[in-house]
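Report on the following structure.
Chains: A, B, C and D, in written order; residue numbering restarts at 1 for each.
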Amino acid sequence: MFLKSEFDIQFHLPEATPMLALLHVHPSLESGLMTGDALRVEHLEGEAPTELLVEEFLDAFGNRCSRFAAPAGRIRLSGCNTLSVDAEPDAQPVLARQSPVEDLPPEVLQFLLASRYCQVDLFGGVAQDLFGYTLPGWQRVAAIRDWVNWKVAFNYQTARSTKTAMDVFTERVGVCRDFQHLAITLTRCMNIPARYVMGQLGDIRIPYTGPGDFHAWYQVWLDGRWWNVDARHNKPRPGRVLMAVGRDAADVAITTSFGRADLKHFYVESNELDEQGNLVPLPGGRPAKVETPGV
Amino acid sequence: MFLKSEFDIQFHLPEATPMLALLHVHPSLESGLMTGDALRVEHLEGEAPTELLVEEFLDAFGNRCSRFAAPAGRIRLSGCNTLSVDAEPDAQPVLARQSPVEDLPPEVLQFLLASRYCQVDLFGGVAQDLFGYTLPGWQRVAAIRDWVNWKVAFNYQTARSTKTAMDVFTERVGVCRDFQHLAITLTRCMNIPARYVMGQLGDIRIPYTGPGDFHAWYQVWLDGRWWNVDARHNKPRPGRVLMAVGRDAADVAITTSFGRADLKHFYVESNELDEQGNLVPLPGGRPAKVETPGV
Amino acid sequence: MFLKSEFDIQFHLPEATPMLALLHVHPSLESGLMTGDALRVEHLEGEAPTELLVEEFLDAFGNRCSRFAAPAGRIRLSGCNTLSVDAEPDAQPVLARQSPVEDLPPEVLQFLLASRYCQVDLFGGVAQDLFGYTLPGWQRVAAIRDWVNWKVAFNYQTARSTKTAMDVFTERVGVCRDFQHLAITLTRCMNIPARYVMGQLGDIRIPYTGPGDFHAWYQVWLDGRWWNVDARHNKPRPGRVLMAVGRDAADVAITTSFGRADLKHFYVESNELDEQGNLVPLPGGRPAKVETPGV
Amino acid sequence: MFLKSEFDIQFHLPEATPMLALLHVHPSLESGLMTGDALRVEHLEGEAPTELLVEEFLDAFGNRCSRFAAPAGRIRLSGCNTLSVDAEPDAQPVLARQSPVEDLPPEVLQFLLASRYCQVDLFGGVAQDLFGYTLPGWQRVAAIRDWVNWKVAFNYQTARSTKTAMDVFTERVGVCRDFQHLAITLTRCMNIPARYVMGQLGDIRIPYTGPGDFHAWYQVWLDGRWWNVDARHNKPRPGRVLMAVGRDAADVAITTSFGRADLKHFYVESNELDEQGNLVPLPGGRPAKVETPGV
């Protein structure tokens, strides 16, 4: 399956500010990249945009991270990738087994621990109450995912940057990152490594649902590998574009600015292309305005 | 300066349980090790102790981590190191400058982020209120350290595993880890990388203060290197034995058991030795019972 | 000064649900009522509205509380009062003294205690840090009010029903109730009784600011009486219509439904009338749409 | 049944401090008082104790509250009551029905609301998950009481004054007040009024359990009256001496000091007397040291 994934995000900075961005596809997807995975950072003041120097490095989780010193004024971060990804919807490995902790690869162990938004230490009793009776392995993972999906309502207006898994558990409402934080926390409590994923999931082979955005999901470690799980969209979906992994959203902010940055423009789309590079129609069609710039 | 650092920690496990331990000296101290840095893990049931197989690996922060499958019953973790360390008290680099975020080494950036016990995202306003007026660099670091030391009271009985920097800020009481969590959080809010350290700090060249324990402190990144800071013992001290570093206490638990483990015995001591390998007397003397077993 | 205060609030109830409402003017204003202070509760299903039976009682704080059993369907709560109130802006009693706790009237003591959204027990240290140096009495009250007004930003979209004074202190953003909760908490920490007020404050003798709403402010006990204070609108204002007082918002919800109730319509206005009963023009004028229904 | 209930509590005050105390038996028990229910407050400095003037009033919940201006130094609060109480253990009204909210007496409604330690607004989903299936009325009350008793472990060392129902729910450990706070919160979520009770419950007709203390339990409103429930001692017990009721522990602190007060001595006992005024032996006996002073 071919995907075109693009974004154009603009901020106004009252003062010069250093910034970080996680806006590349994840190194694990690089072999499928058909066009360069370039992040362009521009200063939009004056007559023509000025391209800023961007330093790249791999962070502690192996994500391709970018850093730049942004001058005051309007800043644009943009990019466009064409890539080939697996056309299969998320696998449902119903027989996948849970490894005993003593057999987990060492690098996976950190995804059992408590982190900023996933307070594993607070959920021990709750997780046992709710999921102590389930069978280890995929059935337990699926029970947690389904429970979160069923109990939590989606509402964009309830998003806030300080919202933890405990807040989601009590308020029962949130956005995609909140669903995943709660599910990750409960999964870790059951000794299954779980990590947070930030990426894109466009309307691929499903009816149009609205303007694009980044999306969060998570991965669990069973049978010696990571598997995608999504407590928000609780149906197997094709077309995920993984951009960064971490313990939780604190590790994989799309952008981090060390000073004030006011969001002014936000365009993110991910769509399927056919072999000729044309947009694949959606079942039920796609509104005209979605014609992505530059297509 | 020569140190003898030793511990004997025993648990009763109702059931077989996998465990992790961070009980080695940190790799950065290995060049000073005069005797082997061995962690011995024994099962104490039956007539003679049985030594358990221990797997070693470096965790995501470069700490020497141990993992073993502990059978039910009594488990002893013990070790004894003799090592040579710098005899100077903690440096006070009063002129050390704070690097702009854009100049920090990438591997240091994670120590600016929010973590389980250090909710950087909650303290932005508080940190600006309290320390916005201070000069960048060491003066800012010292102002934060001094404020925490002054405002928070020490009380062993207030320790709890779920206590966050925010809890310390409101309750104003805690143990060493709590002092450091609050100071780390405030330091990160001012864009200075700060990481949590777990190790030992015995009564070295100071009067006897009581039975030994592990100790937490923190490190800040200024002028291109890490510096020890201690918001609990706010005086320069010699004789720190660094064992593990991480974002906060969630990353560097001395032991982590994935099942119930009841602490039954806890002996930790770190003392200065002279060149002949004898204990160096403390100013004011040392009570007889402190004669460490095997000395 | 004459005011016309009115509201029309409508809910859809999926099922029959008991409800409480605090929608009368406070008994202390009753002597100024020129028309009856009636709350009308109607069921809007069928051809004509059916008026529901409403029981009235005084709650523990002396507020006029209404209770009714609402059937499923659409419910309207409406009322319209004309009343005469003091035309003076909020008094600024700069010399008002703080009573020692031992001299406070017993019924006032409860407004020193911690309550749901005002965690007095968590703010002791913070309050001393910030306001320990201020002079007792009005100067202290004003210092707290000004600090909250200065540090907290107003944003409707950050409202949530679980938001406590501590959340406001850390997030530094909120709606009117949040400003008051933080100010009340800090005021109580300094041993000055403070209670939460729910009422109306229309655009009276100030330029038009937008559609009306209920408003929260608070009162402090100095010199033997309650004084209005408003950490959100930090300027003396005339035209407050007090409806209910309590420890915090948990005590004085405008409506409480013991089952699901979805808000469908919300109209609240409070405006000044002249002696002929006509709306008094605002400086700068009032948009046409504000013509209140029935005027 | 005759009870002798006594206490001797001493503080050291570094400075003169106003204090409140709730140390009388509740007005509802006054008809059973056989000796006067006097609270004596003394200043212990100098050669002889000086009795302090104590003002009495009823607080907002009808409790007999005392207030006094304590000078610096050592303060003793003491009292001794002999009273006749019902000898029956706590009733278990298995058929008691839950009143619809619209039929509750107005003065009971406040015990459905959120309060400082009972965050009803945070537990809606949890309460429905756990108890939504139970039958209304006593069965629901008993299910909540039993669940809390089963899930929470008792541990004196985990007491802290800021601990909320949510903390108890996550930490699963606490003292008597913590058990009751969690049970009260869950009970209110199910629309059953629940209030916190502070009083005494000695070792009456049960084997000796240790030195006396005050005790917290709660009451639920069913069938038109309050019933005692105790999620800590989940067995019907005789001999409760009710001292004060409120929404939660914030309302009924035994003593409140508006300045520093260090506890120096704490003696509380409640024991059964026979008709001759002698202590009734306990099954298994009572240690000699329990001989109460002055008996």
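Definition applied: a residue touches a chain if its C-beta (ideal position, glycine included) is under 8 Å from a C-beta of that chain, and two chains touch if they have at least 3 such contacts.
This is a predicted model, so every value here is computed, not measured.
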Contact distance in steps, from chain B to chain D: 1
Chain whose Cα centroid lies at the greatest distance from that of chain B: C
Identified repeat of the B-C interface (over half of residue pairs identical), from A-D, A-B or B-D: A-D
A-C or C-D - the one linked by more C-beta pairs in contact: C-D
Proportion of interface numbers common to chain A and chain D (over half same, under half different): same
Averaged-CA centre spacing for the pair chain D and chain C, given as whole angstrom: 34
Centre-of-Cα separation between chain D and chain A, whole angstrom: 50
Distance from the mean Cα position of chain C to that of chain A, given in whole angstrom: 42
Of all residues in chain D, the ones touching two or more other chains: 122, 162, 170-171
Chain C to chain D touching residues, read off their complex: 18, 20, 55, 57-60, 65, 67-69, 100-102, 106-107, 109-110, 112-116, 119, 121-122, 161-162, 191, 250-251, 258
Contact footprint of chain A on chain D as seen in their complex: 122-126, 129-130, 151, 166, 169-172
Residue ranges of chain C touching chain A (in the complex, touch as defined): 157-158, 160, 162, 170-171
